[in-house]
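Next come two complexes, and both contain chain A; in the first it sits with chain B, in the second with chain C.
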Partner chain A sequence: MIEWIQRRRGLIAGIVAAILFAVWASSQYEPRVLASILLSGLTLGALYFLVTSGLSLIFGLMDVLNFAHGTLFMIGAYIGFTLYANPRLLLNTLPFVLAFVAGWLLARWLPFSSLPAGHRRPLWVVAVLVGVFAVWGFELAPLATTALSSGGRVPTEQAQAPVGIFIARTLGLAITGLIAGAAFVIGSEHARRPANRDLAWPLGLLALALIIAPLRLSAEGWILALDSNTRFLLALVAGAGGGAALGGLMEWSLIRPLYSRPIYQVLVTLGLVFVGTELVKGIWGPGGYFMELPAWFSRRGPSCPSPNLIAWLQDNCASIDVLGRPFPSYRIFIIALGIAMFIGIAVLLRYTRLGMIIRAGVQDGEMVQALGINVRRVFTLVFALGAGLAALGGVAAAPFLGISPGLGQEFQLQAFIAVVIGGMGSFTGAAMGALLVGLARAFGDQMVLTGIQLPWMSEAMTFSPSIARASTVLIMALVLLLRPAGLFGKKE
Partner chain B sequence: MRDRFTSAQWAGLTLIGGLIIFPFVVSLFSGQPVGEGVPKFWQGMLIQVFILAVFAMSYDILMGYTGILSFGHALFFGTGAYTIGILLKHAGWDLGSALLAVIVIAIIQSLIIGLLSLRVSGVYFAMVTLAFAQMFFLLAEATDFRQWTGAEDGLQSIPVPAWISPTTERLRFYYVTLAFAIVMYLLARQVVNSPTGRVMMAIRDNETRAKVLGYHTLTFKLIAITVSGVMAALAGAFNALWNLNANPAVLGVGTTINALLMTIIGGVGSLIGPMLGAGVIQLLGYWLNVFFGPSWPLLFGIVYILIVLFLPYGIVGTWRLRSAGWLAMWRERSRSLIRFFHHP
Partner chain C sequence: MSDVLLEVDAIHTFIGQFHILEGVSLKVRAGSITALLGRNGAGKTTTLRSIMGLNPPRSGSIRLAGEPINGRPAYEIAQLGVGYVPEHRAIFRDLTVEENLRLAERKRGDLAKRSDFIMALFPDLKRFYRHPGGKLSGGQQQMLAIARALVADNRLLLIDEPSEGLAPIIVEQIVAALRQMAAETTILLVEQNFAMAAQLADEYYILDDGRSVQHGRMADLVHDHATIDKYLGAG
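Then we have the complex of A and B:
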């Protein structure tokens, strides 16, 4: 019994602290206020969880601390918002990306790997030249600035290149990809020609690019004509997919060459924060955007707020009545999304082959490799998964917090704190840490409104929101003092 | 035994001499007096280089010599800036005691932060220090302390004593910061070449080994953080004197990234590398800004990533690795040239 208590000292102390806090909070606030604070905390916790889960998985599996995770969150928000409000930018750049990838893949079917290695550098130079020539004069900025009108339709002629030139650019980028891919496969001894039926991939991508190119205008109108709910779902998918693609690319191109120099991986991800933020500022401008709520969460009227969740399914009110206080229904959606993702990842980790490999890899990566599993591919997959989760969080946060280039930094910081509190590499820890930080932030925000009154004080002490934001660092310091490995982390 | 300088020392002395006469050389070439116009502008440029050089060097004592990766170095820099600003502006202290207070506060602060953060190591340490720095950044922005810190506007118009005013007595300020940078460099060299410094490097190479050899590694890591923190705080104080203000940005992540950039570009694990890196970044930043306008940070980030990928030892490190080969190559070429002329 005593031994049992000693072993679970931390857990017991945590439960006692939680009970004490609950008693204090229920004496301080009336139940309906408390309920909305808790729900706000859950909302923030759900968003933090989407960031911390990826951060923690990536760190647990490959020991890479991704400082650019917040940036991926922010980029996800921008991609989702662009699709939702004005998909022109995406439609105008997607064919280029697809064509480049198609060309790159195609290079593996052609007999390039037998070329002498000396050809590699000239080929890179040619690839860069062709690429620059292909996109020379292509204006991104006007495309992006039209996104300023949130949710609005913009005149299609504006900032739109003629189809002929556009297709020429697309083909040019396919050729760039082909040359770059050739430079990449030269001299690689294990490059063998893939099966002919896989040829469908690059050719399909190229075909897709060429189909999108002339249909850009109608596709834009088609997307904007959809109702806002469908567009919102599309935005979630596009944001998460774009984030996952970026994450995979990042691991493959920048992280993978540096596994022998771990510190430099961190330095590269820090550099990516810089580049990502500046890139977003360059394309979308330094200002912020406001993303409208989809129709599911925005109706106002005489019957609002909805009396309960079931009623909301029919009337789609902007807020739901919680113990006599309206609470935004969109935040309920964020909570549901967070819980769904938590269950989804837990199932993935527990019951699938990939999850088994990930769990084994967290324990002993070298052993997994020795058993003949392609760990590198799993690394890329997990990186893409984590980045996709963060980007999904970004899209979900956009209508709630607005979009700006600084969006990622705040989330990055709170996610780091959550991860340190929960314990690195532990999935449960990531979730609990996120929840804890979310609740702390919610209580902090409430105290900013009402001030804090302790028994010995004659009048309430007030402080600014910055202090509420900074206070989570104190919780982290406390956890570090008591349990350096975090609440759920393993002791080294 | 004859006192003779090594070639590196000669290079250093030449550099210092060059920096001492630099304002007059610029004045000679531009035809303007030392105290105004182009010479004054370039003195300002170099003053910033000197301050950032000390900051970058202090970062490298942690990263390059002790192997501690901190992402919260802006904390010390910014605290130094705010301390001197508040003491000069609100408390009315004189410059000397304010600088002394900066040192004392930096020591206390680095000990506290060090004791807390050193409970974790590696990338965790980086994360935790980042969080602490962000806390101070948020506190600097907090409106609660507006009457002392000026909240998001920062601490404006710090009353700098007239004899060292960076606007009217630019040349004097230039020499003061130059002397400051040299003194800090000599001190840092003293530290890293001392037995304590050797233990720091032993920790960097293999902490377990240092521990097994009987060193209390936590103490040495704390010493490293304190030395580095004090230097960074002094650099921050000079930065506040130079800008006549201290704003929350000096506590931001950008400041830390700046130190990291200078250290990586100049060369990790040397004292002179980060100082050169500071010069490169400041001047490169200036010219990139002139040529590419507001999009230059993007280029900068890309250059940084390329350096991390392909030139991981920075300027000084690469020079040290390759210089023997290059020198030998040039010697061989000049010899063959001489041979060619002697025996046509």
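Then we have the complex of A and C:
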């Protein structure tokens, strides 16, 4: 018994602390206030979780501290918002991306790998020149402006390049991809592996690019004519997918060459924070956007707020009654999204072969490799997965927090704190850390609002907002004192 | 039975800027057990890691059944049929025994096919099938590490100090298992326990200070006390 207590003293201390805190909180606040603080904390916790889960998986598996994770969160928000409110920008750039990738893949199919290695550098130069020529004069700003931003909305026909020129540019980028892909495969081993030579992908992508090109104008109308709920779901998918693609690309191009130089990896991810932020400012402008809530979460009227969750399924009110206080229904959605993702990843990790490889790789990537598993490919996949989750969080946060180039930074910092609290590399730890930080933020905000009343004081003690923000750091320091590896961590 | 399965020719391997292997050559015949001997720090582990592609040699060549494999990534070398049982076992501690074995499958059904053979060799693994690897005893972890290399169809097993830190009775079990395995595959065995290596191996190579210095038939080495004293120290 005594031994059991000694072994579990961390757990016991945690439970005792939680009970003490619960007793204190329920004496401090009325139940309905307490309920909405808890729900706010869960909302933040769910958003943090979407960031910390990827951060932690990426660190656990490949020892990379991805400082750009918050940036991916922010970019996810922009991509989702763009599809939701003004898909023009995506429709007018997607064919370029598709055409480039199609060209790149086509290069693997053609017998370029036998070209002499000396051709490599000139081919890169040619690729860059053709690429620059193909997009020269193509303007993004008019495509990105919306009615909400200061410039007002430019009519679509004016914003778009004429279809002939646009198709010429698309083909130009396909050629760029082909040349760049050729330069890439020279001297490589792709020739050895016929499995990589599937023609369906490159031709399919190119066809898709050429189909979208003339339909851009009408496609914009179709998307905007969809009801807001469908557009919202599409935005979640597009944001997560775009973020995953960017994350995979980032690992493949910038992180992968640097596994033997971890310091440079950290510097690269730090650099990407600035590059990403500036890029977003360049395309969407430095100001912020506000994303409207889809219809599911925005109805107001005599029957609102919905008396409970079941009633909300019918009436879609903007808020739901929680113990007599309205609480925004959208935040409940965020909580549900966080829980769904938690379960989804837990199932992936526990029951699939990929999950088994990830768990094994967190412990000993080299041994996984020695069993005949291409760990590098799993790295790319996990990086993409983590980035996709963060980007999904960005889209989900957009209607709640607004969209601005600085959106990711706050999340990045808090998510790091949460991951350290939970224990680097532990998935459960990432979830628990996110939850703790979310709750701490919610209680901190409440204390700033109303102060706290301690029995021996005549007046409530008030706090400045910066102390509320610092509360998470305080928790981190406490946890690290008791458990240097974090709550669930095993690695140092 | 006399064809060469693995041929290592004058490899030089660096760890960081340290020149660890300065010319190691050896041949392993198909169907045999070859012992790789030498003092602590002689470079035995590094040799196995070089073959496996975990510390690729900077020069020299490694051939598996005539095909050069140096410079290939470790996972490709494994897929060519090389199983690795590393020093200190490297069990996945959070994965169950079953998952440890399943991870070693290279195609579906590998484990099902080999399960009976493995469980007959190491009955303990069956008992702890759903327990985490980290909960096993040292000897059971060693058995799991060896079993993991038996799941896929491997032509060559690289086994690094399987007796390290184990009680004599467990070592005997492992010797018996290795002997049975040798009937089906080829083994390159690193072993500090000379008595154990002498029991098992057909041929031996001795490494000293990163070089292969002597080789021959194990039966001859057993009587060659001068060599044993010179290169294998107190062992």
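Please note the rule applied: the second predicted complex is superposed on the first by the 473 of 492 C-alpha atoms of A that agree within 3 Å, B and C clash if a C-alpha of one lies under 4 Å from a C-alpha of the other, contacts with A are read in each partner's own complex, and residues count from 1 in each chain.
By definition in this document, a residue touches a chain if its C-beta (ideal position, glycine included) is under 8 Å from a C-beta of that chain, and two chains touch if they have at least 3 such contacts.
Here the structure is a predicted model, which means the values were calculated and not measured.
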May I ask you to decide whether A:I357 touches chain B, chain C, both, or neither, giving the answer as first, second, both or neither?
-> second
If you stack the two complexes on chain A, which partner ends up touching A:I165: first (chain B), second (chain C), both, or neither?
-> neither
Is A:A200 contacted by the first partner chain B, the second partner chain C, both or neither?
-> neither
Chain C versus chain B, contacts on chain A by residue | B
Examine A:L413 and indicate which partner it touches, taking first as chain B and second as chain C; both and neither are also allowed.
-> first
Scan A:Q369 for contacts with chain B and chain C and give back first, second, both or neither.
-> second
Under the contact definition given at the top, report the residues of chain A touching chain B in one complex and chain C in the other.
-> none
Interfacial residue positions of chain A with respect to chain B in the complex | 59, 63, 65, 67, 254, 257-258, 261, 263-264, 266-268, 270-275, 278-279, 282, 409, 413, 416-417, 419-420, 424, 463-464, 466-467, 469-470, 473-474, 476-477, 480-481, 484
Can you list the residues on chain A that touch chain C in the complex?
-> 353, 356-357, 359-360, 363-364, 366-376
Show which residues of chain C lie in contact with chain A when the two form their complex.
-> 52, 54, 73-75, 78-79, 84, 86, 90, 92-95, 99, 102-104, 106, 148, 152
Chain A-touching residues of chain B, taken from the complex the two chains share | 69, 71, 116-117, 119-120, 123-124, 126-128, 130-132, 134-135, 138-139, 141-144, 253, 257, 260, 264, 295, 297-298, 300-302, 304-305, 308-309, 312
